[in-house]
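Before anything else, here's the structure in question.
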């Protein structure tokens, strides 16, 4: 590889040709600050508009300062990253940015976790001159079912736009207007609700400021907890336990399952259950559906459409309802684990407790913002009583725990409650890309072949590549599996399905890059994709530690079918655990 | 979710489709499509942008992003007699701002607004290239040169 | 279709065009009709001159061109009489155009508003 | 045809302030009347001959005799000798200093004319809607020469040797640009003509497109041949409907004549041109922004490298030049690099078209050799300052440039000297300002333009320029603090240092250059709350002169905000706290009793 040598802050460094100054500096331990640049290297995501101009440095012989995020190293370059000129420029530009930013840090939802705030601190900004007459660019606030947009706080880093367009290909957000009033917004600056937004929350996950945050459902949960007439049940998604610890100072990848359960109990939840249980249930239903379609397909039944697509990710469901309504009979009809849990909790478990579903409140802790919208879908309620009442994100849970004076670190590990708290390792790995399909394969293989799996770990289905494929031998029957995470990658596979080119029997799709561990409701990764890798590793670790690794081995699942549901995909199961999809593409109506 | 239904007349939808077709539904031709549609409709209402988005397969947010980027595109209809005051440098140094003020006063409008009867709309633009005639005012297609604030009332009278 | 298929044909066409457009000595009027000229009323002057020359039975070519650059004196027109040098007149309104036709075009008598050529050109 | 009457033409008149043309005319008329010749001899006032250093000029027809530096006293001799006796007045003829030979006709004197038309050679001459008129004027001869006699590298060498630099603003050598695009291999390359002339007060590109579109088409084809491109695009402002119309006609005719399309002039070379429209974004003059705009996107600039020559339109090597650059190319090919490089200064060759505007008499387009001085442009071509006012400054380079003052009047204008003087060539707008223009307001005007035209991508331009504009507003309202001037300079410097594209980086130039050249005006606004030019409204005070006021009440009745009080027949008084400085009172006063302080 061709390399170049250059000097940064009097230190020599040799880097491959094409390396940016910023990356070269990092090798020397020089951390050049930036606000807009973001590199999620392992996920192949880069945001490099060169817009914040915080990362500038002096390059000898150059007329103006160079943005180090996008200036390539050249042989013999001499770079200084902290001369008086650079520091003055960086501070002045920061003052510019702050001069058009609300000063309500104390009450901002991003306070303490805001990259702009940290930058102001780091650069030692002590005053913002000219505030008396400085105009601010102000916009209407927008509250959608999942996401709050407060564009007054937008600094035009364009990360959300990159996520929404380049990565997710959702195209709900675009830079709009120009100059001082430029911002990132949906078409016609309407509410997100009326856009093509899937609520995947990736925009929120990367927003450096308080411009994009989630709708806070903690107050509603709190009200339910103190209501003596309500039995409050909580379910926690698999990806939450692998990330919650980060909010309390644990290293990324630390599993805090037991402490999380203890904290939830301490918060007053009557029953602390595991969404993993519902994940196991999902596998039974989805796996049965897959095998059914597969068998029919093999017999030549043209109505059995393949590939089957997973349907446990609500962002993904929103996406295909918007962009692929013509394929809405292709995905599995199985509800997501969150909704399966709610449906079972408010029927089966309410029966066990002998209470009316109206007196039960189901709360879910999710790594996801689309779940907030999903639980509000009208088809997931009975007589206006939703199966899942509130969905709060990992971040909200962390804040809730802190507000309740609970020191997570000192809590003793506790166990989930029965019966909806028991799960297999297959349910755990739902939280990472490839996990759902691996879980499904574990079950489908054994059900289809009648043989016991010798090897439970399908490592060929794991990894962070955007689109992956593998062929699993079902005792002589090769099953082609496709995996996509990130909606842009999903679109590629879906385009093939639409055109009939797809060779897959089953496809797993997760809306968020990395799967749920990289969800829009997770603790912020601040552009460090290592964190996402660590979380995935943690889930696979928990899977390995579980005594049961396959969903159909979960004794409580078996019991559920025996006592309540009957057969997988049976009539009752169909009624409670399956759903249907809608065509949500915008229609152009002809005026008569 | 984008579940709003938009309504347009069939001939309008057909017109837009025709325009997009004539540019081979190439997303790169978005600006040319917008030009043609604005020429036809006089402005680019949201509905028109939706149909363009649909035909060119460009997210409507991006279409809107483009429309709001370029000052030539507008989402509000112009008045029957659109009045544009050139604020190019040559006109500026010869007092165009005072002329603009006079129009604002006479019409009770701000730049970008239309009179309630839809008769006049007021806009400023940068250099129509008739610098020799500065300050220049355009009403529709007609150009008025060397306009002084005192002339404003007379110009408006022509259109009453 | 007048496809030019070789450099020789281009040269030939150049000669033909020059002959056709400039070969015959006659009165030639150029009205400068760029945006700036048109904004000052050059189109009206163009129409007026065409019509009036016809009415007054004067054989002439009237050509619309781009602007000459004399923004301060627009509209401007250029008149070339057979054998004479082209003369540019500025601030031409209908009254002036009438005067130019009557005096300069008909009898070569100059009128006010002449703009001498103030430049050199490589042409 | 009747025998031509004798006619005397005198330059100047109403427009010209530099000479005493008026008195010359008066005296000539007196002499003619004194000799009772008024029926046979006419005295006419003409526009500028472009020979102002020899002016006033008197031209006598027939014969085209030119007298130079004529004084009013010379009238008598001209009439008695030349008119009555047909003898030329030898001493008034111009004599070439070296040959001492008298030059008597205008054409003999033409080498003294300051303007030289290369780019504008056909503007106003040919019928732009008739390709044969263009062909009759050497149109497409350069293309023919290139295609049959030259290899691509030969063409690039000619352009390089000519020393032509891009007329779009930054002055990058054209030949070098072509060479880079030539060297970048690709299956498809593009030639783009930047016709998005957005600089307020500049209209040279439009004039070329409207007056001589074929030169541009021809040059683009030459460029295509040189760099290996078969497609050309013209990015033209939609606000130029006439230019678009004539371009469409020209392209159509060129195709019809086989001068665009396949196998041009029977060679292997294919080249065609299509139009893309701008939609009102100044920033699209920047190459990368222009390319994004052509791709149907927001015209936001991106960081260079990669340069368009590596990765431009659709990611392919793209050569972008502006209209004026292209329009000069055919002449360079036909007349040679040596000829072109003999014009201009050492580092800036050829001619430059300027759009003269503002407080100058002869507003319009001029084309002058590089190296001419501002003084020559303003006083010898532009006819001086309007209404005989005092020259204050010239803004060149539009919102990206700076102002040049009295002290810069004699520096030879070229790319480098303008930059050294704190301004830039830009696209060639030249706005002349007189004593009535407040330089703080001028800076504020340009910043207002930049704020409106900023794309909003980078923080220094999006927010920084807004803050600069606001602070200039504070200054012009007399509300700024002394330390704000230092802050103004620092903000300007940082924006220049950190902004993403050329628009942002140059946007503070009007501030920096006025700070450098007119610090006293800033100080007056900040320290004394006074606007020396009397332009800043909020610093103006309308005051009633007690001696002149007779108490007619006209002003008080006219005041729209009732700021004027006073009894009938008594001195009136203006309440400054109510006054909105509309000036109505001053207009109404018949006794000159109201003055502005």
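By letter and in written order, the chains are A, B, C and D; residue numbering begins at 1 in each of them.
We adopt the following convention: contacts are C-beta pairs under 8 Å (C-beta built on N, C-alpha and C of every residue); 3 or more make two chains touch, one makes a residue touch a chain.
Only a predicted model underlies this, so the values are computations on that prediction, with no experimental measurement involved.
Enquirer: Measuring from CA centroids, which chain ends up nearest the centre of the complete protein set?
Expert: Most central by this criterion: B.
Enquirer: How many angstrom lie between the centres of subunit B and subunit D, each centre taken as the mean Cα position?
Expert: That pair's centroid distance is 27 Å.
Enquirer: Distance from the CA centroid of subunit A to that of subunit D, rounded to the nearest Å?
Expert: About 56 Å, centre to centre.
Enquirer: Can you work out the whole-Å distance between the CA centroids of subunit A and subunit B?
Expert: 42
Enquirer: Averaging over Cα atoms per chain, report the distance between subunit A and subunit C in Å.
Expert: About 72 Å separates the centre of subunit A from that of subunit C.
Enquirer: Which residue numbers or ranges of subunit B touch two or more of the other chains?
Expert: In subunit B, the residues touching two or more other chains are 58, 62, 65, 69, 128-129, 131-132.
Enquirer: Listing for subunit A: what residues touch at least two other chains?
Expert: 175, 177-178
Enquirer: Among all residues of subunit D, which ones touch two or more of the remaining chains?
Expert: Residues 203, 206, 240, 281, 298, 300, 357, 363-364, 452, 455 of subunit D each touch two or more of the other chains.
Enquirer: Kindly provide every pair of chains that touch.
Expert: Applying the touch criterion to every chain pair yields A-B, A-D, B-C, B-D, C-D.
Enquirer: State the interface residues of subunit D toward subunit A in the complex, per the touch definition above.
Expert: Those in contact with subunit A are residues 281, 298, 300, 302-303, 305, 451-460, 462-464, 466-467, 470-471, 473-474, 479, 487, 490-491, 494, 496-500, 505.
Enquirer: Would you tell me which residues of subunit B are touching subunit C in their complex?
Expert: So the residues of subunit B touching subunit C come out as 128-133, 136, 143, 145.
Enquirer: For subunit D, which residues count as touching subunit B in their complex?
Expert: 198-203, 206, 238-240, 276-282, 293-300, 314, 355, 357-359, 363-364, 395, 398, 429, 431, 433, 437, 442, 445-446, 449, 452, 455
Enquirer: Taking the touch rule as given, give the residues of subunit B at its contact with subunit D in the complex, in rising order.
Expert: Where subunit B meets subunit D, its residues are 26-32, 34-35, 58, 62, 65-66, 69-73, 87-90, 92-94, 125-129, 131-132, 134.
Enquirer: Which bits of subunit C are touching subunit D when the two form their complex?
Expert: Touching subunit D from subunit C are residues 1-7, 9-11, 13-14, 17-18, 20-22, 30, 32, 34-36, 38, 63-73, 76, 78, 90, 107-123.
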